[in-house]
Structure formats: structure tokens, C-alpha cells
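After this come two complexes, each holding chain A, first together with chain B and then together with chain C.
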Partner chain A sequence: MEPAHIERTVVPEAAALQGKTPTAPGRTRPFTLRSLVPYGYISPTALLILVLMVIPIAMVVSYSFKDNVIVEQNPVFAGLANYTKVLTDSNFLVALKNTFIFITLSTLVHLVLGLAFAMMLNTALLSGITKALFRIIYILPWLFTIAVIAVIWRLMLDPFGVVNYILTTVGALEQGVNWLADPNTALWAVTFINVWSGYPFFMISLLAGLQGISADLYEAAAVDGANGIQRFLNVTIPQLKPVLISMAVLDLIWTSQQFALIWMTTGGGPLNVTEVLSTYTYKQAFSSYEFATASASAVIILLITMILAFFYVRQQRET
Partner chain B sequence: MTVGRPRFQGRLKRLLGVVTTAAMLGAATAGCGSGGGSGGGSQQGPVTLEFAQWWGPELPEGSFDKLMSDFESQNPNIKVKLLSAPYASTKQQLVSGAASKTLPDVVGLDGAWVNDFAKQGAIADLSALMADAKYDSSQLASQIQLDGKTYMIPVVNFVYPLFANKDLLSKAGVKTIPSNRSEFLDAAKKVSALGGNVKGWALPLDAAVPNGIQNDVMSWLWASGGSMLTKDGKPNLTSPEVKSTVEYVKSLNDAGVVAPGALTMKEQDKVEKFTNGQVGMVIDSLAHITLIKKNNPNLQFTVAAIPAEDSYTGKRGLPYASWGIGIAESSKHKAEAFKLVQFLMSQQPNAQLSTLANGFPGNKTAEPDFSKSDALFKTAFDIYQKGYPANEFVGLPKSEDLMRSFDEQLQLALTGRQSVDDALNKTQQSWASVF
Partner chain C sequence: MTTRMGRRRLGMKIGVIVGLCVGAAFAGLPVVWMLSTSFKTNGEVFGIPPRIITENFSFDAYRKILSDGSQMRFFLNSYIVALSVTALTLVVAILAAYGFSRYNFRFKRSINVIIVSVQAVPPITLVIPYFGLVVALGLYNTYPGLILTHMVFTLPYAIIMTTAYFNTLPRELDESVKVDGASGWTALWRILVPISVPGLIAVGIYTFMISWNEYLFALTLTRTNDMRTVPIGIQLLMGQHSYEWNQMMAMSILGSIPVLVLFLFFQRRFIGGLTAGAVKT
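Right, the complex of A and B next:
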């Protein structure tokens, strides 16, 4: 028994000293059916990713470099012509500007509103029943689909709708405003609708984050003489920072892809003031049948989204 | 051994399960990716035709399936698989299918799509199929052609006359339905003067579906016998008659008789406002009569020809939309597909379908049965027969895009950001690049 024990401990060291690599146990194992099992398990997912993501993305990228793709039977390579065409199209630049305003404002207000409501639902000043009631009320917008939200707000923001009625009745307005049809208000109106429909997700996520902050930290801050604002700035915000950043980046990505709400409320109008990248791309493909420029536009959106995704992944890694 | 064997068998089973799943997914994927729209059917067995359309959901429940059953009983070797979806979904599916050459065998078509689908080589030349089948095309009311070849046959036509709320007009002191532009402006002003939420006319200019340009703007031009195209089919938007039409529409807007929210108003908003008595007059599809009466049974309204220019005495063009039919170029059963087209265009089924859809037949010899329909359909049929169907967007390339570019420039003109002349010149340039 003893020599065998010595042999097992000494041989690798001796082999290393002699400059020989010890034989890895797996390398000597003969090929068996069992070694394929892990690949079998991941193959359905891998296949789905390949078919539903990799191939379509590769096709769209390839389309963006071809001339009059799909419409022409034999499209030719066009280099960067489609990108040049898209990037010099005034409608695209307007859509880019509108998208920036739409997503930035939506995300900022989502954060502020979500945090404010989450703090209200987390406060010790309200009873459990009151908080439960408000939790239901606040989460309601999240339960509606975009189609329903679009219809509701189209009716409410109609020149003869509820919103104008209330505002004129209380004297805030002299006469009704065409919120969605007036070029001066349409972008703000759709941004408001988007904020209304999206803040509950922030509220729920931030409420979970708030409930995870240890009460000890607040007690320690109170002992140090910190007032409410100081506790908020030096305890709450730093503790919520990972959640806030993740939510903000995710919201930027999601909002940049918002299509249905814009399409069903304003269709990108009036006068293109609510045209965003998604509606621009849709019109290029399904109205103008310019699939090559639509692909170029889609690739540009993909690149913008990937930049945001990069920051999200990096932030997650740091967390 | 007694313990190891079941464990090995279990693993083997799991492995087989995984491999089988992967294989099935692969097969399913391959199936999805395979081209051609044809359904199954061996050479000996019955042929299954796929028929994508938006008509089924718009007809009384089950009625279109029954019509297809009649076809199947007459053609035992052909089965029809209906792919029914609302208009917008059907359009998206067909645009994608045309791009990937995977259109179903038979497709419901809108005249606005024909040019693009034909140029993509996605829909078949029906002239050749008619010749092969020795089909007598003289019975067809119209055919949508490109370079002399037919690509779409209108099965049912829906006209867009003027709808007028009789109660509102009477209340406003308008005794007769306006028949010319001056009378219309005057009536619209009087109705708007009633106050409250009521306006004389509705103009839907939503950019998402810009068909308001076709139905609510160009209809004024066609009603006066005008054209937006030259004789050789090129855009002619700077002509005096087009300018007069756009200036007239602008004058209605400037007079404050147009319902607010026009720049993002959709067709359904227009119908809703008319149904609720918020608008005195609209240009709308006959297909909406049933909907309006269902939603507001007390609404007293009638239909009339669209008002023409004051001095015009000729035949009036009446805008229309069609349920058109075509056959996929990629179909492996074109002859069988054409039998279905023939069936739908034959006298009896075409009359039946028109009656069900509250539209006018694509077969000249078919007569819709108005006995059970609303009396307004008969009135509209008389207007239709006195005038002529007019829709110059049918068969144009990228017609929706053309409407949208017109829409954008018109919106700038209506909001005073540019003159009518500038709007028409810019639209002319934009259209010329497409043609």
C-alpha cells in the first residue's frame, strides 16, 4: 500500500522536473457518446439563436451593403452608398434627433417618477393598507398593452377629450389643444404617454432595491446627525446606484426601439416631429420598399443599441 | 452492474431526447425556410392552395369559409387553406412574403401594392394564365395592368361617396346635400357655426396610413373629372386642376370647418366622429354604413356624389378601393390557383361575395342583392353607375409613399409653413424621382 501511495504523489513532480507535461486525465479518455451530451443539451438553444438572431442580423447587414436589395432580382454590391444616403437624409437626421429627445427624456422621467413613487411606497409614514392601495394604482399603467394605451391616450388627448376639458374647466387653458396633432406639442405628448406607460417597472425595481437597503445604514447616518436629504443623497442613492444605472441603460435600449406607441398615436407626424428611428426604418421598408436603406438604418440602430449594451454589460461586470 | 445499467439507459434516453429535439427543431426550421407558398399535395392527391387575404375577418362570420367550401365541392381535387388576418397584418405578411418569394398561392391584393409586387417578380402574370385557361376576360369590370400584363383582378369594389348627417344639415339650415364645391363650403360653414364640438368636415391626414390623400383629398379632383397624371402616366401635380383642388381643401381648413386634429387623424377617427355626430359630412367607404348604423342607430344620414367644381357638368369620378386577387409567381399550382380566381370572379359567387361585403361586384354581369341590404347601398349603386370608379393611385409604384410625400407637403401648406404652389412643386419633384 505504501509504495503505491508514494508513486502517486511523486510521479507528477518527477515528470515536471524532467520537463514532461503530466498527462491530463481527459486526454486519455476515449471518445464516447457521453462526451456529446453537453453539446446535445445546448444544441436547441444554439440552433434557435443561430436561426432567429445570427442569420437575420447577418442578412440585414449584408442587405445594407447592396443596391436595391430584394426588389431587384440580382442586387449588386453598393459599398457604403446606403449608409451615405441614410446619414444625409434630412428625415433620418430629424428622426435621430427626435429619438435622442424621446429616449433621454423618457428615461430621466422614468427614473425620477419611479424613485419618487418607490420611496412613497417604502415609507414608514403610510399604513400598510394605504401603501397596498397606491401600489395597485401606480402599477395600473403597466398592465395595459401598448395598443390599449395608444387608444386611451388618443381619446384623452383629443381636442374635445378629457384632458382638454379638465384644463379648460380649471382655467389652465383658454381653448383645447391638439396635443398629438400640433407640431409644437406632439413630441412632448408621445413622450408623456411613454413615461406614463413605463414608470411602474422602474417603481417596482427601485422599490425592491430600497427594501434591500439595511436599516442600520440609516440609523448610523441619523446618529451622525444626517438629515433626510443627506440620508437620501449619502445612503439611498449610493445603495441604489447599481440598480439605477442598470435600469437607466436598459430603458435607453428599450425606448430606442419603441415603435408601436408612436405608430399608433401619431405615425411619426405631424410634419415628422415625432418621427423616430424605428418609424423611419419601417417606412423605408414597408412603404418605400427601400429595403437596402431600411437595412442600413437598422444597422445604425443596432450599433447605437450595442454601444448602450456595452455600457450595460460593463456596469454589470463591475457590479 | 445491476445499478449501472439502468443509469446508463437513463442517460442514453436523455441523450436521445436531446438529439431528437434538436433534429425536430432543425427540421422545423428547414421547413420554415423552404421557399414557395404552396401547401401540400402530391401529384396524385388533392392540391392544397393557400389563400392569404383580409376579407374573411371583414365578412359575416363563416360566410367566406362557406364560399370556399362551395369551391371545393365544385373542384374535389383542390383544397383551400385560408390565411385570414386584418388588413394591416396581411399587408405586412405579403410584403415580407413578396421579398422572400414565399407568398401563398393566392393572395388578396390592394391596388396600391400591385406595382411593387409585380416589379419584385412576386406575383404572376394573370394574362398568361387567362390565356392558358381560355378565360373570357370581357366579363371583368376592370383589371390592374402593368406593361400590358394583368397582375390583379378587382373582386369587389368599395366606393367612397359623400356621407352627410341629415339632422346636422337640417339643424344648420342646409336643405339639400351639397353638389358643388361652393355649396359644400357654405354647408360646412353653417354646420360648424352650430358650435359645440361640431364641425362641417373631417380630413384624416395621419402619416402612418396616408390614404386620406387618396380618399379625402384627391377625391375632390376626380369628382370634377380631373387627373393627377399626364396622359402617359407621369405625375402632373402642378396642373391648374390639382392646384385648384388643394387650394379648395386649404380654403376649407382656413375657414375653420375641418374637425381639429386633422394632421394625425386616422380613418377610424373620421368614421367615429361622423358616427358620434361631431362632423356633418365626410367622404367615406360604403363598407362603413353597417358599422355606423350599428354604433349609432339613431343617426340620420345619407350618401351622395362628391361635390364637383361649380362649373363641372361631366361624369364624376368616385374613389374606390378594391379587394383584388392575384397569384404568387412562386406558386407550384398556378393553374389550380387560377381556378379559384375564376370561381370568385364568376357571376353567382361574385354577386354573393359583393352582397356579403356590401361592395360592388368585379364581374360586370353579377348583380348584388340589395333586397336585404340598407337602402343606402342602392342609392350608392345608382351614384356609381352614373359616374365612374376613379383611383389613380392603383398600380402606381410605391403608391403609399407617394401619398405620404403628398401628405407631408400638404400638411406644411395647411399649417401656413409654405404656399400651395411650393407644396405641389416639391411633391411633383418627389414623385418624379419615384416614377
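Right, the complex of A and C next:
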């Protein structure tokens, strides 16, 4: 996540050349040979990035301007036809709207829950062992793969499941709701599941951030007569701000890429209410075999991600 | 005054404990329910009132999963893929991290930016060309196809974490070997890697977890059941016997055990390594 770690280590050229190496004799030749050494170490990575990133992105971009790709032998150039097709498809626009709701709501709640839990786990009022125990419980949701999380919540949110039992017993509901199959609740239900599965990463990072705040700052604030809320607003939040913003942007990026959770709980249904950009694209490609249309949609997703990533990088630079 | 302060402190303490317990219920109850359901008979899953432990408490669901060859095949596949991804990622990341940490070279910054940005590329964007590539290369429905594509997720993180770890080690360590006439290569494998084992364990666990949990590529780049991994296996179980909830839960738990065990054993190291990569210091 963190470019600064790598960039920060600037090793002086002179120091790098001081050590005796077996290939020392000549003057200019060994120097060029030696200057190739770092590329040797980087080359497997460079090769993999070329094969796994550069070429595939070039491919998907070129697919998006063609027709009859992958399934046909002779694709033809189609200009922007695939893009106009996608951007005028009402299903795509619904997916765009759903994605927006899904990612902003998830990120907001992740942030609030993550911060609340991190602060409780950072309290000076409890012993280290108690806190460590709670910390393990709080991290639990993050340790399960999405397939497992989908199965757990399909069980919990079943019309006859335990969530409905509790809600009807305490009188919050008259009768059980089929949360994941009811068009009125499905998007909220998948967002809730995503909140459950994603908050621990926020919590861990914010906990580390909290532990990094100097106690002097709190003491100084206390001397100035600041109460708990003032200390939170004037010390904790400003100190955590860089982490909070970075995490929020990262979460927007990750959540916008969420596919498995929605695919395995609702499949984008009922009636498209949980269709997001990733499920829309997947269906275009692997259900309808419209690979060219899917590629146009995939490139649009990439562009949205790049805009978010741009904000992330800028945020990292500023801090 | 002191008793008032003491009482207020006690009040806050109780407040925090109550808050922590509510949060723990939110986080933990679904997991407890999964565990509990895996020991029920299927008829008891939606019993009213819901109970954590029922009369027919049994290991039947586990027995069924463990004696089913096709389910076990999913586990074998997941282990083969995740362990290969981990080994390959570690080797490639160690080499790259050494280059980044100990050398200066042209394009260092640009390569760096590319590696960092790889993490942001949406998997759904990659899966379409991957499908085309993997079919063209004859890697469709094979282990190498999955292993290679999983590395796009694992490598950037592994390189960043390993470089950060190497950067914490003083350069004098490898210089001392180089003075004795050894090459950078020797310094890396004889000195740097052995003392980096704690950091590399964290990287390895994270890599294993990503690969073990990966869903989209496993779904699209494999076709037959003898190539499917655990996440797909769990999904298939949902389709096959739609409502054998106890078996689905047993399979989910068995599928989560490797990650849970790794995490519990290396918790401290792991969280330390993770936040070192994610949080600015």
C-alpha cells in the first residue's frame, strides 16, 4: 500500500560500489555490468507484471473497440459502439447507481465501526489480556473467505433464520423478511454483510494509528481542560486524519471491486436491485458471452478505479 | 473528590465493557452460529426456538464431507495452488525487494509506482483478458493458470512488505559479507533472508490467505470439478444439495481452518507486518 517505504531508501551510488565483488578487474566494463545487477533482481517481477498487467490491460482495451472477440476468430473494429451500447444500457446505469450506494455506505459504516472498535480496544481501562481476547473476536469476520461469509449470512438471513427469529421475538418485525430476496431489502442486506466482513481491516489499521498518537498530546489537552469529546475532536481525529482518508479511499476502491459476495448471495437480483458493475460485467462476459461489451464495461470500471487511485496517491503525497 | 473520580472511572469502564460485548456479539455470533449449525442434523437447523446445542449434536456433517472424495479434491487443489503461489511469490518478492532496498537504478521510481498501482486494478477488468490468454496458452482449467494469475494479487503486497522489512535491516550486515569477497547474491540468501524470517512469515501467510480465498479467477479459469478450489466447492455445495445447511457449514469451517490456524499462531507478527505496510509512520 505504501510507496514511501520503498522510495525512501536512497542508497548512495558510491556506497553501493564500495564493496569488493568478484568481477572487479576492468574499469568501464565491470561498471556497466554491475549497474545491470539491480535489473537482474527486478526482472522476474517486471516479466510477471508485463504478462499479468500490461498485456492484459492492452488486450481488454483493444477488445472494447472491437466486435466478436474471444468467441469468434476474426474480430472487427467497432469504434465506440460497445461504449455507447454499455452507457445506454439501463441495466448498466442501475448497476452504476447500486455500486455507488453500496460502496459509499459500506465505506462510511466501515469507518465509523472501525474507529469505534479501535478506540474501545485501545482503552487504558482494561487489561492487555482482555483487550487481546476481544481483538481476536473482532478480527474474526476478516478471516473467513467471501464464500464462507456468503453461506453464513444466507443461513442467518433466511426467512426462517435466526435474525428474523430475534427481530420478530423482540417485536421489531411482525413476520420474517426474506432479506436477500426481497427487492426492498436486498441491497441493504448485501451492504450489511459487506460491512460485517470488511470493518476489521479498518479497525486494525486505525488501532495501529491510535497507538502511534503520543500520550503527550492527550496530556497537554487535559492540562488545557479539554474533556473527552474535545480530546477526541481535537487530538484523535486530526492525528488519524491521514490514515482515515487513505483507508477510506482504499476501501472505496476495494468495495467497488467486490464481486464474490454479491454473486454468491443474490447474484445481482432480485430484479437487478443488487446488480453492481462487477456482476454486470461478469454476466456480459460469462453468461451472455458478449466479451466486447463486457470489455467496454471493464474499461469503464478501470477508469473509475484510476480516478479513485489518483486521489489516494495525492493523499499519500500530501502527508 | 477521589471517590467521585473513582466512580466515574468505574462507570466508564462498565460502559467500555458493555460496548465491547455488543461489538463482540456482532462480530462473533454469526461465527458461533455457523459452528453450532455444523453439529446439528439438517432438520434442526431452523428449529424454534433456535438453540446453540441440540439433542442430536453430532459430527455427521463433518464425516460426510471428509469421506466425500470430490470435496477432498477441492482441498487438495486449494493447497496445491495456495502453497505454490506462496513459494513463487516469496522468491520473486525477495529478489525484487533486495533490488529495491539495496540498489539505485534508472526507472526505480516508475517501476515502483507501477507495482503499487497494480493493487488497484479491478480483478473483473483482468479476468476477461486472462480468460483469453489462459485459453490461448493452453492453461485453461490447469493449476499453472490459477497459480500464475493469483500472483497478480499477491506479488505487489509481498514486494512492498518485504522491501519495507529489508529497509529496517542495516546495510552493514550485507556489506560485512561483501567485504569478505562474497557477492550481493550470497549476502541476500545467506544473511538477509535468514534474519528476515519473521517478516517473511507474515508475507507468506498473507499470500497464502489471498490465494486460498480467491474466488473470481478460480470460478472463471477452471471448469471441471477436479480443478475447483475450496471457495468454489462451497458454492457448488449450495447448488447441489441446496439446503444441506449442516454440511455447508461443516465444509465452510473445514475450509477456514488453514487460515484460522495460521492467523492464531502468527497473530502478532502478522498484524505488525500488515500495518507496517498500510499505515504511515
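Everything below uses one rule, namely that the second predicted complex is superposed on the first by the 284 of 319 C-alpha atoms of A that agree within 3 Å, B and C clash if a C-alpha of one lies under 4 Å from a C-alpha of the other, contacts with A are read in each partner's own complex, and residues count from 1 in each chain.
We adopt the following convention: a contact is a pair of C-beta atoms (placed from the backbone, for glycine too) under 8 Å apart; a residue touches a chain by one contact, two chains touch by 3 or more.
Being a predicted model, the structure only gives us computed values, none of them experimental.
If you put the two complexes together on chain A, you find that chain B and chain C bump into each other. When the two complexes are overlaid on their common chain A, residue A:Phe134 makes contact with chain C while staying clear of chain B. Of the two partner chains placed around the shared chain by superposition, chain C is the only one that A:Tyr165 touches, whereas chain B remains out of contact.
Of the two partner chains, neither chain B nor chain C is touched by A:Thr84. When the two structures are aligned on the shared chain, A:Ile301 is found in touch with chain C, with no touch to chain B. By the document's definition of touching, both partners, chain B and chain C, reach A:Ile70. Of the two partner chains placed around the shared chain by superposition, chain C is the only one that A:Met120 touches, whereas chain B remains out of contact.
By the touch criterion stated above, A:Pro44 is placed in contact with chain B and with chain C alike.
Applying the stated contact rule after C-alpha superposition, one finds that A:Val148 touches chain C and leaves chain B untouched.
Touching more residues of chain A than its counterpart among chain B and chain C is C.
Contact with both chain B and chain C is seen for A:Phe291 once the two complexes are overlaid on the shared chain.
Applying the stated touch rule to the two superposed structures, the overlap between the chain B and chain C interfaces on chain A comprises residues 37, 40-41, 44, 48, 51, 70, 154, 158, 160, 263-264, 285-286, 291. For chain C in complex with chain A, the touching residues are 9, 12-13, 16-17, 19-20, 23-24, 26-28, 30-31, 33-34, 37, 45-46, 48-50, 91-93, 95-96, 98-105, 108-109, 111-133, 135, 148-149, 151-152, 155, 157, 159-160, 163-164, 167, 171, 175, 178-179, 181, 183-184, 212-213, 215-216, 220, 230-232, 234-235, 238, 245, 248-249, 252, 255-256, 259-260, 263-264, 267, 271, 274-275, 277-281. Considering their complex, residues 33-34, 36-37, 40-41, 43-44, 47-48, 51, 70-71, 73, 154, 158-160, 176, 178, 180-183, 186, 263-272, 283, 285-289, 291 of chain A touch chain B.
Here chain B touches chain A in the complex through residues 11-12, 14-15, 18-19, 21-22, 25-26, 29, 91-92, 95, 99, 116, 119-121, 197, 205-209, 260-266, 269, 278, 398, 400-401, 404, 407-408, 411-412, 415, 417, going by the rule given at the top. Only residues 1-13, 15-16, 18-22, 35, 37-42, 44-46, 48-49, 51-53, 55-57, 59-60, 63, 69-70, 116-117, 120-121, 123, 125-126, 134, 136-141, 143-148, 150-156, 158, 160-162, 165, 196, 200, 204-205, 208-209, 212, 242-243, 246-247, 253, 256-257, 259-260, 263-264, 277-278, 281-282, 285-286, 291, 294-295, 298-299, 301-302, 305-306, 308-309, 312, 316, 319 of chain A touch chain C when the two sit together in their complex.
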